[in-house]
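Working notes, structure below.
Each chain carries a letter (A, B, C and D) given by its place in the written order, and its residues are counted from 1.
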Amino acid sequence: MATPRIDVSIEHRGEPATATKRHPNTCPGCGSHYRDDELEGSLGVCPQCGHHFPLRARARIAHLADAGSFVEEAADVRSDDPLGFFDLRPYAERLAEAELSTGLGEAVVIGQASLDGHPCELAVMDFAFMGGSMGSAVGEKFCRACESAVEREVPLISVTASGGARMQEGILSLMQLPKTVCAVEDLHDAGIPMFTVMAHPTTAGVLASFASLGDVTVAEPGALIAFTGPRVVQQTTREKLPEDFGLAESNLRFGHVDAILPRSELRPFLARLLRLFGRNGA
Amino acid sequence: MATPRIDVSIEHRGEPATATKRHPNTCPGCGSHYRDDELEGSLGVCPQCGHHFPLRARARIAHLADAGSFVEEAADVRSDDPLGFFDLRPYAERLAEAELSTGLGEAVVIGQASLDGHPCELAVMDFAFMGGSMGSAVGEKFCRACESAVEREVPLISVTASGGARMQEGILSLMQLPKTVCAVEDLHDAGIPMFTVMAHPTTAGVLASFASLGDVTVAEPGALIAFTGPRVVQQTTREKLPEDFGLAESNLRFGHVDAILPRSELRPFLARLLRLFGRNGA
Amino acid sequence: MAREDEHRLRERLGKLTSLPLLRGARVSGEIKRLQRQLERIEARPSDEKIWRSVELARHQDRPYTLDYVQFLLEDWVELHGDRGRADDAAIVAGLGRLDGRTVALIGHQKGRDARERVQRQFGMAYPEGYHKAIRVMEIAGRHGFPLVCLVDTPGAYPGVVAEQHGQGGAIARSQAAMARLEVPTVACVIGEGGSGGAVALALADRVLMQEHSIYSVISPEGCAAILWRDGAEKQKAAAAFKPDAAHCLELGVVDGVVPEPPGGAHTDPGEAARLLREAVVDSLDDLEALSGEELRRRRREKFRAMGVYAVNA
Amino acid sequence: MAREDEHRLRERLGKLTSLPLLRGARVSGEIKRLQRQLERIEARPSDEKIWRSVELARHQDRPYTLDYVQFLLEDWVELHGDRGRADDAAIVAGLGRLDGRTVALIGHQKGRDARERVQRQFGMAYPEGYHKAIRVMEIAGRHGFPLVCLVDTPGAYPGVVAEQHGQGGAIARSQAAMARLEVPTVACVIGEGGSGGAVALALADRVLMQEHSIYSVISPEGCAAILWRDGAEKQKAAAAFKPDAAHCLELGVVDGVVPEPPGGAHTDPGEAARLLREAVVDSLDDLEALSGEELRRRRREKFRAMGVYAVNA
């Protein structure tokens, strides 16, 4: 075995480099194709086979938050380019493009909301923004969400979708792991609950920090949840991977998540948790 | 698989029911035979093959404690017979016989001592007294050792050798598990260290309570350390047992003990721990 | 014998008013319950009655933990996994609302049919099961949820892998976690309270037993095999080590006996659940008057005092 | 470039006197050390110098954790096992005496020869390794022993079983355990500080780097493969993400750089150990002036402040 040196990477389950590009609205489970409004109407779940398409942050918030209740916070926090990073293209250009194509300032959206009447804080990641990678701005916004939850004494609901750390910020992206861990520990110390929803994919740096520290952790069906993704494991160890390597279902079996919930059951489940963890059971 | 119902039992590794009775001074490792004084001179370790014969509590204390330093405590605590237990013979008779044959009041001896000049508390079990089984008196004496250590702010060194709970005291023997666990938790809360030496055998109730909760845990070579012994596992599950099932060496490999130490290295090792855990490193 | 027994129980009743845990208004209800128990228990159980409890405790139709969850709790959310290796189905754990308060509930879970029995290892947990329990205890501690444990296991799983994964240490650490909690804790044996596997979930402020449950250091079969060298002497063994609720109460090992419907809990699970709920809620009401620190101190003191020994003059 | 760099360091030096961790007599020593560093670092490292550090950090003769233990500690006692499944040899942990005080020491451990490399998985830990670390952190916390971590790993083990056993969660929980400690903690990167596997042991009050160690979110090869789609562009990648000590210091990610003997630590392990010892002891001396609660609060604040982002007007 050669010494493997990779353990954080952005990769995508079921998307081998050689595969022909699939239309984003074509179901990888059954091949059905949908119009945008059809997928919106089904919360991004394939009516034929139940495949869960990625859900954008705004759509997720619209689904989870009571109508009109969401008040975004820290929208002005954006990524900087502390290393002047330049690979095949400058980081600054990648950021601008991500902002343009997603309409988001960063890969996470945070804010106050209520869910079924229960006040809470939301921190929702968006894989469409540079693969949901965690740089300084994502770390900062997640910490602010924790602080807002502590200040208002409301639970934090965190929805993760991330390929890992944002390499373009070098070591500073790695520092978002301890940074967010410290924020969650402050949350714990204040007695504020955190519920984590792991969407596809929740990997690498995000899994190795705040995503793993919730009081209750649920996953979406078929989500890849792994510190090291299947491609890197395969390449570095030459191991034969199990069929369901790193998938939510495997994570449930191995004891890493509390439940796998189809998207339609997520909201009532969270409402139940909010009732249970409410002050005085209220 | 039939429903197994046994999970605490007194049994002895390498001593099948059908085996011809070996003389206690004949080495089960290499067949050498020794006079009593020869074994005493070698700390009960076979000079030929290194097999560790059981060491009686008094001999263990004489080895560990600085000469003349041991002051026994709670020697007056004896077993009672709360259930009027009678199997093939009355419990009271078994107790009297054990006392006669061992010269001990119970299966554990506790007291104050110093080791290499460091004051400490000792709690040393003796397998010769009814298989080192833990009844109310053993539990009480262990708790008193914890309290003496807390009161005098000295570390507790516990040497275990036990086939498990003392069935003849029924449910009261099971209650010695939570009882001793509570005593160790008080010890932890007081910042008093506990070092555990697991001699052959350390099993069942003792392993499932105070023996597993030390700050540092070492085992003697070849000691059986298991909650359920090999015979019961074999009988109830029909599993093929690994060669070294439950032995100290297997426990080290599976992460349950910090080290395996030949008897000759035990005293300097404990002295080192006493230096390390001493107040202000003294 | 009936006289002697009544005397013992009346003595217990007499002590009750001075028990530090039971104060004010609650005491009268507590006394009433004990008096009802007193009335039921007319005589120290005969050897036959003890064996009947062994059979009822293991009855295949007896309600299991998840059956009681249905009756006891609203908003039940089962939590899964030890965050390390597995989700052991022999122990279930979760959160729910009991009489208006959120509680954490942990219990052994046997299987109802052949497939489920295998899946849940006949209610015999691996270390992974106890690690899951410890994880949920920590959630309870962090958020101030009272903990309710339902005990129903022949014992911890006696297998090679269970040993390799540290069965003894896991049971010890589960007890230690309960000894550390600063929330009210109530455990009830609802079937078989088998040995270390059972006590791992029973280091509680209040330990209850259902009327026909058993709590023992070893199974009757195991005890007979070792001490009588004949597993068939199991009834004799049970009579000797007395795993029944009345004797456990008499020995001060449990704090109360929860009545069952006549004929056993399986004859009317709804009524059995109602009686269990009443006992658990009463206990929690009592305990919630105390601070976390005080609960912990008294819990440890209670177990510290357990056992019967002599002091040689 | 040299000018600019010197300016940055001088600015850091200027701030130093007001840093709350460094007070009284200790400050002067601290400043002297930074000044020495300032003298050493004449210019921002060139791309070639960065690559030289990558090579030295991975040099096969570089001292590993257990080599430093020999030089640093008296009365070393290695502790083994996670109490659940395994003793992961890729992480070593234990207790020893450093300059008169008992400390807990935890570090990644690479193998020196082929056999040992395999046995220690090239210093890449499984979740079991992090569980062992957490266990020893808890001992340190319980007994007030300062914690010293030596970081030297290409990263956490990227294997099927490691994933099944919860690699991500283990790394998160190891950091969380460090965030909770109320004892002084010092971490030093002594070779490769690779990604999550490294930071799991580096959430410390003081984080140091040896002069020729590297600390990075991904390996140069991995970064090149992903961003340049060509692993051979590793030098270009390293130049871009700057894993060297000088840049980490500049970015505020580490609190100090520990000088190495000229030519790298492997040329004179004894001298490298002496320099490491001096830095660790100085850090502990500073930290021991603070209460446990204060240490924890400041530790979290320090990491809370890490990162560079913009705020849109």
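Throughout what follows, contacts are C-beta pairs under 8 Å (C-beta built on N, C-alpha and C of every residue); 3 or more make two chains touch, one makes a residue touch a chain.
Not measured: the values here are computed from a predicted model.
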{"item": "Chains contacting each of subunit B and subunit D, listed by label", "value": "C"}
{"item": "Of B-C and A-C, whichever chain pair has more C-beta contact pairs", "value": "B-C"}
{"item": "Chain whose Cα centroid lies at the greatest distance from that of subunit A", "value": "B"}
{"item": "Rounded Å distance between subunit B and subunit C, as computed from the means of their C-alpha atoms", "value": "28"}
{"item": "Interchain centroid distance [CA atoms averaged], subunit C/subunit D, Å", "value": "48"}
{"item": "Whole-Å gap between the CA centroids of subunit A and subunit C", "value": "41"}
{"item": "Distance between the centres, which are taken as Cα means, of subunit B and subunit A, whole angstrom", "value": "51"}
{"item": "Per-residue multi-chain contacts in subunit A, two or more chains", "value": "212, 254-256"}
{"item": "Contacts with 2+ other chains: residues of subunit D", "value": "83-85, 164-166, 169, 173"}
{"item": "Topology of the chain contact graph, where touching chains are joined (line, ring, star, complete, other)", "value": "other"}
{"item": "Touch relationships between chains, expressed as pairs", "value": "A-C, A-D, B-C, B-D, C-D"}
{"item": "For the subunit D and subunit B complex, residues of the former touching the latter", "value": "75, 77-87, 95-97, 100-102, 128, 132, 139, 142-144"}
{"item": "In the complex, subunit A residues that touch subunit C", "value": "188, 191, 193, 212, 215-216, 252-259, 269, 272-273, 275-277, 281"}
{"item": "For the subunit A and subunit D complex, residues of the former touching the latter", "value": "3-10, 76-80, 82-83, 85-88, 105, 135-137, 139-140, 143, 165, 167-179, 181-186, 203-205, 207-213, 225-228, 232-233, 236-237, 239, 241-242, 245-246, 250, 254-256"}
{"item": "Subunit D residues within the subunit C interface of the complex", "value": "83-85, 127, 131, 164-166, 169-170, 173"}
{"item": "Touching residues on subunit C, where the partner in the complex is subunit B", "value": "122, 124, 154-156, 158-160, 162-169, 171-173, 175-176, 179-180, 194-200, 202-203, 215-223, 225-229, 237, 240-243, 247-248, 251, 253, 299-300, 303-304, 306-313"}
